[in-house]
Amino acid sequence: MKHIIRKLITGTATVALAFSIGIASAAAKTKVGFVYVGPIGDHGWSYAHNEGRLAVEKAFGDKVKTTYVENVSEGPDAERVIQQLAQSGHGIIFTTSFGFMNPTLKVAKRFPKVKFEHATGFKRAENVATYSGRFYEGRHVIGLIAGKMTKTNTIGYIASFPIPEVVRGINAAYLAARSVNPAVKFKIIWVSTWVDPGKEADAAKALIDQGADVLMQHTDSPAAIQTAEKKGVFAFGQASDMVKFGPKAQLTAIVDDWGPYYVSRVKAVMDGTWKSQDTWDGIGPGMVVMAPFSKRIPENVRAMAAKARDAIASGKLHPFTGPINKQDGSPWLKAGETAQDGALAGMNFYVEGVEGSLPK
Amino acid sequence: MIRLEPLKEVSKGLLYVTPAIAVIVTILLGTVMFAVLGKDPVQAISIIFLEPLTNSFAISEMIVKATPLILIGLGLSFGFRAGIWNIGAEGQFTVGALAGGAVALALHEVEGIWVLPLMCLAGILGGMAWAAIPAFLRTRFNTNEILVTLMLTYVAVLLLSVMVHGPLKDPEGLNFPESRLFHESAILPILIEETRVHIGFLVALAAVLVAWVILRHHVFGYQVKVMGQSPRAANYGGFAQQRVVWTCLMISGGLAGLAGLFEAAGPVGQLVPALPVGYGFTAIIVAFLGRLTPVGILLSGFVMALTYIGGEAAQIEMNLPSAVTGVFQGMFLFSLLGIDVLARYRIQVSRPAWAAEK
Amino acid sequence: MDLLVLILQGVIVSATSLVFAAIGELVVERAGVLNLGLEGMMVLGAIAGFAVTLDTGSYVVGIAAAAVTGAIAASLFGFLTQILLSNQVATGLALTIFGLGLSALLGQGYSGESTEPLAKIHIFFLSDIPIVGPLMFSHDPLVYLSLALAVGVAWFLAKTRTGLILRAIGENHDAAHAIGYSVVGVRMAALLFGGACAGVGGAYLSTVQTPLWVENITAGRGWIALAIVVFSAWRPGRALLGAYLFGGVTIVQLHVQGFGIDIEAQYLSMLPYLVTILVLVLISHDKARISLNAPACLAKPFFVSS
């Protein structure tokens, strides 16, 4: 049933040919491919990955050649783009958005000698590794700062889509903020988009109008920071340091620093030591970096945030440490218990105290 | 003054030559653009327009990409002939994929040769249902279908998002917004091994043939043409304008829905929020580029597919920004529409002084 | 009450880019031309406005550059549809695709840059009156420009001779031509005006609302503006109302979430589109009235028959 007309045209030969050429040239110069979901100018997610690509170029100079493809939709086009990179001799390919998971695996099956690295996914193979950042660690730090900085006890949160990554961020920030300010409340607006500056700005303004004096965002453009600057409230940068867009407003930013990871994985390919693995790194290994704390944060709060950051880095502090109840009051973590990675990876509930219901 | 006079009989020869001239003009304009951007124009043009044609993988991908464009463009061409502007095929595509995909997921692990036909039927009905809204609103309330179909596209994309975040989410997918992978019986058979070319391409070819027969030999083809030329004449002609509106929107909605299902059950193999990637809009260009004729749409579907594949290749090989593809498509359509004047009108120059300046 | 004032302020900011684009398109459609390239002209205006403002440091120059850019894009549309008589729907779509691509290309060096947002005016005493002050006397200058534009266009269409000619051409271009008016000339002028307005509308987004550049910054607002023109039944006052209504629905759905009312976000995001459809149905169901208002020659090609 599957193959109605067998070998109408034999595409196989070309694929094999292209592949062998790829290996030959890989010996001289390692070709590294990157697939981005957005434009590199988004100043958010794809921008940060492209900074990582530039770090690879800087580290290896002439020994590598990097290629990127931007604005690749997570639909039918992804597989073709990944395959084109694989068959044009790229030794390692980073596919940097969740929606590239299944296309990456499909292509990886056809190119067993090419190494693939998929960001934020959970399916691996012999030649497919996965990696992501523990951004919730950064959310913990900004939660502490926000809890201390808010005068109205209202923190505004601009969220994109209810995926585990975003839900985890809300929970981590809320738990941290509540730990230093029991009266704190989160107002959450879901804008159903990753990048639409106009809408993000409208949402930021709505939150400020409703009394929020500190904003957090899980969307990619700097529009919320700009709005905060204009209205004289505080905010945090997302994915990259956005201080330029709000010199007074930005308290700090959670910066995605993919550079060190990309450099080490490319090096592993060069040395022939590359293995499929799952990497989920946080502040400690430097995949998540806190931008400099603003001078507008009182010194004692700055010290507290730095201490928490360092404790997370050294492994002494876990942002999800019990006792924590779920939103409906049912227990999730017992006192002293820390969350398992598996539970965090698929997080689909708010913790107790967060208001509103999560789109199910 | 230059005066344009409509030709009574559209010049058949020119009709086929003008697209070729448009391609040449676009390439010339593109050369200028690449030179301005500081990229080697010859290399860029050859990567975009020639290289994909010399490589069997790229050709197979062109077929994959052209399949939905041809199906949707064909459906739209009926309406465009009749002056019914369905520009929201993207929404009908999305709902078709959603409906057909929901059937696949409901029948998960159910084996049977009837699963795929059932999914196709659901896809067609889904697209039709979405197109029925503007059809109803136009015939009953006289509401402009251009805007309604367009607004419904945004709604459809959000609806898909709600569904893959909720009821259709993969139960083992760690809460990520996508459905499970369709099972074997719900995946379109592959036509050419080692490629993604699926049986949907044969359906598209069949649809081209059927459309050609209808337009040539069926009374409906005649009605559509008359209505496009003069809606009033259509009323005098004794057939109801309303029926033509309904039929055109059902054809375009159904084919767009089927194309959506083909994408979900073909190259993608599951429902994902980013399934709609603009085929519904590109297909409008395809329809015009193909001069609203079935064979023309078949060819123009491939030309548009080529610009996508070539654009990607140019990104990979020359580091050109992805925006180049859109600029190219725009220039292409501009040239075609502009040059079209040669085929449809006779240019009469009555005051050469002004004409010479031009 | 304070919150209501704040919400209304948000609505005005959110709606102003739509007001510019819709009023411009309204004049174009009154002249009998349908330009679906609104989104493309807006996004080109957005990048031109942002880039020039950033490079020159002057908002006036930046906004003027946006208007000129929009007008140039419109002249391309005009050349194709008015001189070469190409299909207006197809040409408009091509302009949108072209504009989105070209703006992304031109904007490559400008992502990651930022300017100060255009300051709001402050009028002594008037701006400080409670409620009335913040609502009426403390916006940025472009908000007032958009209102003046709506009033000016209303006056132009209703009271001036040129406005009358423009409407006559939209109603019956053959008759207007027979009397001796230049159909193509008037339509080109209307298109240039519409393009300039769309350019300024786009620039409002990229220099005032969010002073930055990202690809596709208009995110479909051009299409909304087109819907607003139909909603308005081609009357400037109603277009203004339509833009504020759409802005209102957008802002209110965000506030509803902020108050923690339990409706899924995606359904709320659908709301502005559904409301637009509903309103379109309401205003167009009276067949006699809509055909009374709609320019009879809208989107019909005009050629001189001998």
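Order of writing sets the labels: A, B and C. Residues in every chain begin at 1.
Rule of thumb we're sticking to: a contact is a pair of C-beta atoms (placed from the backbone, for glycine too) under 8 Å apart; a residue touches a chain by one contact, two chains touch by 3 or more.
Computed from a predicted model, the values in this text were never measured in an experiment.
Undergrad: So which one's got more C-beta contacts, A-C or B-C?
TA: Pair with more contacting C-beta pairs, A-C versus B-C: B-C.
Undergrad: Centre to centre, using CA atoms, which chain is the farthest one from chain B?
TA: Farthest by centroid: A.
Undergrad: Per the centroid of Cα atoms for each chain, what is the distance between chain A and chain C, given in Å?
TA: The computed centroid separation for chain A versus chain C comes out at 36 Å.
Undergrad: Roughly how far is chain B from chain C, going centre to centre by Cα mean, in whole Å?
TA: Each chain's C-alpha centroid was found; their separation is 28 Å.
Undergrad: At least two other chains touched by the same residue of chain C: list those residues.
TA: 104, 108, 215, 264, 266, 269
Undergrad: For chain A, write out the residues touching at least two other chains, lowest number first.
TA: Expected reply: 39, 71, 162, 192, 359.
Undergrad: Could you pull out the residues of chain B that touch at least 2 other chains?
TA: 158, 161-162, 165, 321-322
Undergrad: Help me check something: in the complex, which residues belonging to chain A touch chain C?
TA: 39-43, 47, 71, 156, 162, 187-193, 195-203, 205-207, 209-210, 221-223, 226-227, 230, 244-245, 355-357, 359
Undergrad: Mind listing the chain C positions that touch chain B in their complex?
TA: 36, 40, 76, 79-80, 83-87, 89-91, 93-95, 97-105, 108, 215, 220, 223, 226-227, 230, 264, 266-267, 269-270, 273-274, 276-277, 280-281, 284-285, 287, 290, 303-306
Undergrad: In their shared complex, at which residues does chain A touch chain B?
TA: 1-12, 14-15, 18, 39, 67-71, 73-77, 79-81, 83-85, 87-88, 98-99, 102, 122, 161-164, 192, 345-348, 359-360
Undergrad: Would you tell me which residues of chain C are touching chain A in their complex?
TA: Result: residues 3, 6-7, 10, 13-14, 17, 104, 107-108, 110-112, 114, 117, 205, 209-219, 221, 250-251, 254-255, 257-260, 262, 264-266, 269 of chain C touch chain A.
Undergrad: Could you list, by residue number, the parts of chain B that touch chain A in their complex?
TA: Chain B residues touching chain A: 55-57, 59-61, 64-65, 113, 158, 161-162, 165-166, 174-178, 181, 184, 187, 189-196, 199, 263, 266-270, 272-277, 308-309, 312-313, 315-317, 319, 321-322.
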